[in-house]
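So that you can tell them apart, the chains are marked A, B, C, D and E in the order they are listed, and the count of residues begins at 1 in each.
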Amino acid sequence: PMTVRADEAPTLTVFGAASLTDALDAAVAAYRDDHPGTVRLVFESSSTLARQIEQGAPADLYLSANPRWMDYVAERGLIDTESRRQLLANSLALIAPADREADSGAADDDILGDGDRLLAALGGDGRLAMGDPDHVPAGIYGRQALTSLGYWAAIEPRVARAANVRAALALVARGETPLGIVYATDAAAEDGVRTVAAFPASSHPPILYPAAITAHAAADPARAEATRRLLDFLAGDEATAIFARFGFSQPKDAAGS
Amino acid sequence: MSDAVRPTPVEIPMPLEIDVEKRLGPRFALSVRFEAPGGVTALFGRSGAGKSSLVEMIAGLMRPDRGRIAVGGRPLFDSRAGIDLPPEKRRVGYVFQDARLFPHMTVRRNLLYGQWAGGRRQGAMTLEAVCRLLDIETLLDRRPGALSGGETQRVAIGRALLSDPALLLMDEPLASLDAPRKAEILPFLERLVHETGLPVVYVSHAMEEVIRLADTMALIDDGALAAVGPVEALTGRIDLPLLTGQGEAGAVVGARVVAHDADYALTTLEIEGGGRLQVALLSLAPGTDLRVRLRARDITLSLAPPEAASTLNVLPATVREMARADGAFVHVLVDAGAPLWARVTRLSADRLALSPGKRVHAIVKAGAIDRASLGGRTSRVPGK
Amino acid sequence: MTDWLTPVEWEALGLSAKVAIWSVGLSLPLAVATAYLLTRVDFPGRSVVNGLIHLPLVLPPVVTGYLLLILFGTKGPIGGWLEDTFGIVLAFRWTGAVLAAALMGFPLMVRAIRLSLEGIDPRMESAARTLGAGRAVVFLTISLPQLMPGIIAGAILSFAKGVGEFGATITFVSNIPGETRTLSIAIYSFLQTPTGDAAAIRLTVIAVVLSMAALIASELLARRASRRVKGMEP
Amino acid sequence: MTDWLTPVEWEALGLSAKVAIWSVGLSLPLAVATAYLLTRVDFPGRSVVNGLIHLPLVLPPVVTGYLLLILFGTKGPIGGWLEDTFGIVLAFRWTGAVLAAALMGFPLMVRAIRLSLEGIDPRMESAARTLGAGRAVVFLTISLPQLMPGIIAGAILSFAKGVGEFGATITFVSNIPGETRTLSIAIYSFLQTPTGDAAAIRLTVIAVVLSMAALIASELLARRASRRVKGMEP
Amino acid sequence: MSDAVRPTPVEIPMPLEIDVEKRLGPRFALSVRFEAPGGVTALFGRSGAGKSSLVEMIAGLMRPDRGRIAVGGRPLFDSRAGIDLPPEKRRVGYVFQDARLFPHMTVRRNLLYGQWAGGRRQGAMTLEAVCRLLDIETLLDRRPGALSGGETQRVAIGRALLSDPALLLMDEPLASLDAPRKAEILPFLERLVHETGLPVVYVSHAMEEVIRLADTMALIDDGALAAVGPVEALTGRIDLPLLTGQGEAGAVVGARVVAHDADYALTTLEIEGGGRLQVALLSLAPGTDLRVRLRARDITLSLAPPEAASTLNVLPATVREMARADGAFVHVLVDAGAPLWARVTRLSADRLALSPGKRVHAIVKAGAIDRASLGGRTSRVPGK
C-alpha cells in the first residue's frame, strides 16, 4: 500500500488522552518509520479533546482514556462509529512511596482485602491519593474498585482528589500521601513509587481506551484512508508490543480475566 | 482727561465682556459682571476673592453656571446661546498661578508646545526673543522638575507668550520674581501689550505692576465685583483701602513727554492742565503720551514755593477737598490743572490752615517718580 | 550555540515569545482605550464592562478557554463570522493562542493603566488645552507619556501572563506542536508523562529566563519613564 | 433564601470567599512591604527578588503547584519546619489553598502597589519629615493613604485571582470537599464530566456574582480614595 | 550704633552658622559660608540664585557635599564630624515655596500634623490663634485641592507655625498674598520673632518684608555669597542695586519712642544722634527701641529750613559724601547725627552746590515713614 506519495499524504492529527503520551509517541515513531506523511500528536485530558472535537478541531483520530467521552462524541455524530474499537486496556495499582516501608509487614499482599488494614496503612492523618473520582477516569475506576471491595465509604473521607492521575502519582512520589491509586502504567514508569498491590480486574469495569476515526477525517476519502491505516497499525502487533512495554494490555486480556 | 492721554473706546480693539455666575462650594459663589474696553484689565482683590476662578472661566477650564464671556465681540461662552468654546479654541495664553509645566518634556518642548501640539502659529515672538527676555536660554534642555520657583514661573510666561494668543491671561505671573527681573519683564509686557493691542487679563497683588500695565481695574471682593473702572479713577479713590493697604493711594494723571535734558539726564513732562514735571530721563520720543502716578504720600504741600531745596517740581494748586484718611493723616485733593492727592499730617494741615479754596504749592520730588510709577502709553495700533 | 535546546524546545520557545509579544502588542491599544473609558467617561454600563474585563481573572482558565472555544471556534458565532468575512481562523491556530493570552492578560493591563491614568494631574491636561491642543492631541502628548509607567507595568504583567498562560490556551487551541504548543503547554504536557520531568524542568528554566529578560528590560524602561514623568533630568 | 444553591454549592462558595479573603488579607502587608523595598531601596539582588515575585505569573500554575508541594508539603523543607515549629499544616488544608491563591495573586498586588508608590510625590514626604515625623510615621500617614488606589486595585486583582485560581491549588492541596474544593475547582471538576455542564454553568455564575460584588465595592472605595489623594472635597 | 538700639550679639540667643558646598547640576554649584547672629536672617537674591536650595540644606532635605550647618551652636550637619541629623530631628518649621500641603488630609489635619504625627508639642501658639491670624477658620474642614493660591500659602504658614519649631524657614511665604493680608501677617511674625527669639531664615523678593523683619541679610548671587551683614548696613549700601532694583536704597537708623501726641495721632521718635522725627502714632511704649528706614528717595535736601510746608521733620545735617547713583540722580550721604542717604537729581545738587562739608537740612515727610519702614524691636527675651 505504498501508492501514496509522501507529499500527497495528508498530515494526520491524533488527539490522544494525556495518559497515553509516552506510549503513543513511541508507537507513532515506529509508524513513521515506514509510512509516508506527517502525524501530529496532541495530548490532553479526554474531556478537553472531546469538547474540542465538538467545536471543530481538525482531529483525525481520537483516543480516549474513557468510553464515556467516546460516547459523548459518538452521540454528537463526530466520529465514524464504524471505526470505533477498544484499542488498549489498563489496570489499577495501589502504590506507596518507594522509600517508605509498609507500616506493617503483613500489609502488602492482602491489604486490599480489608478496609481496616488500608486505613491503618494510611496512618492517623495520611490520605489516599487518587484521581478525582468525580471526573478523572482513574479516580472513577478507583472508586468503583473500592466500592466493590466494600469499603469505599470508609475510605472516602481520606481521599486526596487529584486533578489527574499524574498529580496523584506525584503526591505519592513526594511522600505527601502514604498510598495512592494509579494506573499500572503510571506506577511502572515512576521510580519514586512502588506497587503495593494490584487491584483485581474484577473489582472494576474494564479500563479500556477506545479509538475512533473522526467525522472530520471520514468526510475526506484520502484522509479517511490514511487514518484507517494508522489506526490499523496501532491495533497491530508491532504497536501492541510497544504499548505492552509501557504497561498497557490488550482489551481482550482485560475482558477475559 | 484728554483723548490724547486716554485712548477713546473706539480706538480700543478688543473689549472684554464678563458676566458670570458660578457656585464653587457650599460657602462660596462667584457673581461678576463688567465690561472692560480692552487693553490690560487687572483683577485685584484679596486672597480667595475669586480671581483665579474668574480667569479659569475665561480660559474655558471652569464652566460658569450661567452668563456670557466675550472678547472683541466674539463670544467664548454664552449660556443662553448655548455657546461654550472648548479651551483649545479660545486662543488664550494662560500663565497659571501654579505654573503647570509639563514635567515629562524639556523646557524647550514646554515653550514650543503651543506651536508643536497646539497648532498655533509662530506669532509675534520667536523662541530666541522670549528666552532672552526671560533669561532662560540655559534652561532649554532641562526638565521642569528641578527648576527654581522663579525659573518655573518664567518658563510658564514664555510658554504662554509663544502660543500666539489672542488674549493673555496672567495669574500673578511675577509673584516669585526678584525686583530686577520684574524690572526687565514689565516693560516688555508693556510694549507687547501696547504695540500689538493684545488684550490681557492680569491678576496681581502688586500695585506697581497694576499701575504700570493696567488700563482697567476690576476689584473683586468675596466673589463679587466691588468696583471697576480705569486705573486712574480707581487708584485715585481713597475709599478703597482694600486696594492697597495704605500709603499706596494717589492720583494717576495723563502726561506727555515735552523735552529731554541729556546733561542732567532729565525728561520734562507736561501733565494735564499744563503743569510740568521733571523726571529721570525716559527713552520716549517727545510727544509720547504716558501716565504718571503721583502717590499721595510723595506730595508735599507748601504755602510758599520752596527755596534752595532739592526739589524740582513745584506745581501751583488749589485745595479742593479734605478727606480724612486715618488717624494721623488727611488726604487733600488739590487741583494743579490735574487733580492730585496729597497726604499730610493733620498737624501740618492745621498749621497751614488748609481748607478748600486755599492756594498752595504741590511739591513733587523728581526722585519720587520712578519707572514703577510711569505707565507707558504709546500710540496704539488700531484694529488688528 | 543553539545546542542547549532541542529543535522542539526552540520551537516552543519561539512560539511562546511570538504569542506573548503579539498578544501584548495587540491588546495594548485596546487596553489603553478601555482604561481611558473606564476612568474618564461616565457611560451607562460602565460597571458591566469593568466586570467583563475582570472575568478572565475570576473564572478558572479552563472556563475561559471553553467560552473562547464556543465563541471563536470555527463553529462558533464569532469564529464562523471571522472566517467567512476575513478568512481569519483562530481555533487551533497560534493566532488563537494570541487571543487567549491577550484576554487573560487584559485585566492586568487595564488595571495597571487605570492606576497610572488616575494618577495623572488633570491640571496638566487643561494647561495643554489652553495651548491649543484638542482632546486627542492632549491625550497623545500629555496623558500618554505620563501613562508610560502604567503601560510598561501592564505590558510586562501581560507578557508574563502570556508566557505562563496555558489553561485557556490549551482548551481553546489545543496542544498542537509547532502551532499552539507554547512553552507552558509543553511544560504541562511533559508533566503529564511519567518520563517528562527533566524536560519539564528544562522548559521551565527557559520560560523563566525568557520572562526575566523581558522583566529586566521593562524595569529599565519603567525607571526611565518614571523619572521623566516626575520631570527629573534624564 | 438559601434554596437557589445546594449545600455543596454553598460550601464551595463559602470556601472560595474564605480563601480569597484570607489570601488578600495576609499577602497585603507583605505586598506593600515588597513594593516599598523594590521601589525605594536599592539593595543587591533586587532584580532577583523582582523576578521571583513574577514567577507565579510566568509559570504554568501546575508548576507553581508542584513547587509548592515540594517546598510546603508535609515532607517539604518549609512545610516540615512549619509543622514542627508552629503546628501549621498546609498540605490538603484550606490554608494551603490560601497560600496558593496568595502566591498567584502576589505579583499582581505588588505591581499595582508599586505603580501607586512610584506616583507618590516625594516632596510631600519630605514636608512631613520637617514636621517631625520619622520615616515610619511618614510612611503610615503620608505614603500609605496615597497608596490606597494601588492597594485597592492590587487587592481586587488578587481577590479575583484567588477566586479564579485552581491550577496551583488543586496540584498543591488537591480537591477535598469542604476543605479545599473551592468554586473554581468544583467548576473544573464538573467540566471534566460529560454531564456536568449545567452544574459548571451554575457555579460559574456564582463565582462571577461573588467577584462582581467585590469589584463594585472596590470601585467605590477606589474612587473615594483617588478623590482623597487628589485633595478633592469628599 | 548704640547697644540699646541694636542688641549686642551676647543677647542674641541662636546664632546661625552656614558653611555649605553643593553641586546641583552641570552648570550650577552652591558654595555659601556665613554666620548670622540669630534673629531673622533674610536670604535675598535673584531667581535661581540658590536660596531655596540653601534652605533645603538647612532643613535636611538636601545633603550638602560638604560643610557645616549649626543653629545656636547645635550642629545640624557637619561633614567632618559625620553629623547629619534627619529632617525630623532638626525641629524646623518649613514654609515651602510650593506649599506642599498634604492633599489627602483636611486643612485641620494639615495644620496639626506636626503635633499629631510629628510628636511636636503644642508650642507657643494654639490652632485658634493661628487660624484667626491667617483667617483660615472657614477652611478647616476642606481639603487642599481647591484652595486658592493665597489660601494654600496661608495654611502652609500655619502648619509650620504650629509645629513648635526651634528654627523657622520661610521661603517666600507671603509671595501670593494681598497687601492687606501681608499687613496683618507681618506684624505678627515680627512679634513672634521678637518675643520668642525664634531664629528665622526668610527668603523674599520683597524689600519691605526684609526691612521689616530681618536683622541680618545674606545676599546670594549665582550660588555664592555676595554680601552679608546687618540689614541696616546692607540696605544702606547703594552699590548693591541687585538688592532692590533701584529707588529702594536708603538708611536704616536706630530710634527710640520719645512721646505720643494723641490729638494729632503722632509719635515722636528720637533717632541716633538726637534728631527727632514725627511719625504716625505707634502703639509702642515710650522708651521702646526700634528701627526706622528712611529711603533715599523720600529725603529732600534744602539749604534753608522750609517754611509753611506740610513737612514736620527737618534735620540739620552735613553733607559727607556724594555717590553717583544713576543718570539723573546722585546719592548724597549726610550726617544728621545718624548717617542718612538722600537721592537728589544732579540738577538739584548742582543748583544747591552740594559738596562734602556743606550744611543742609534733611526734610523727611511724616507720611513717608509708614509702618512698612519701621522695624519693630522690643526688648528681647534673652536665652530661651
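Going forward, contacts are C-beta pairs under 8 Å (C-beta built on N, C-alpha and C of every residue); 3 or more make two chains touch, one makes a residue touch a chain.
Note that the structure is predicted; figures quoted are calculated from it, not measured.
Under the contact definition stated at the top, the chains bordering both chain A and chain D are C.
Among the other chains, E has the CA centre that is most remote from the centre of chain C.
Interface comparison, B-C versus A-C: the pair with the greater number of contacting C-beta pairs is B-C. With each centre defined as the average position of its C-alpha atoms, the distance from chain A to chain C rounds to 35 Å. One simple way to say how far apart two chains are is to compare their mean CA positions; for chain B and chain E this gives 27 Å.
Centroid to centroid, with C-alpha atoms defining each point, chain A and chain B lie 92 Å apart. Between the CA-based centres of chain C and chain E the separation comes to 61 Å, rounded to the whole angstrom.
Of all residues in chain A, none touches two or more other chains. Chain contacts: chain B has residues 25, 98, 142, 146 touching two or more partner chains. Shared interface positions of chain C, defined as residues touching 2 or more other chains, are 62, 66, 191, 233.
Pairs of chains that satisfy the touch definition comprise A-C, A-D, B-C, B-E, C-D, D-E.
Interface of chain D with chain E (complex): residues 123-124, 126-135, 137-138, 141-142, 145-146, 228-234. Interface of chain A with chain C (complex): residues 13, 15, 18-19, 21-22, 40-44, 48-49, 51-52, 55-58, 164, 166, 169, 185-186, 188-190. Of all residues in chain B, those touching chain E in their complex are 24-25, 27, 45-48, 51-53, 97-98, 138, 142, 146, 148-151, 153-154, 171-172, 175-183, 205, 207, 241-242, 244-248, 261, 264-266, 278-281, 296-298, 300-304, 306-312, 326-329, 342-350, 352, 354, 363, 365-368, 370-372. Across the complex, chain C is touched by residues 59-61, 86-88, 90-94, 96, 98, 100-104, 113-114, 117-120, 142-146, 159, 163 of chain B. Per the touch definition, chain C reaches chain D in the complex via residues 47, 50-51, 54-63, 66, 107-108, 111-112, 114-116, 118-119, 149-150, 153, 156-157, 160-161, 163-164, 166-167, 184-185, 187-188, 191, 200, 204, 207-208, 211-212, 215-216, 219, 226.
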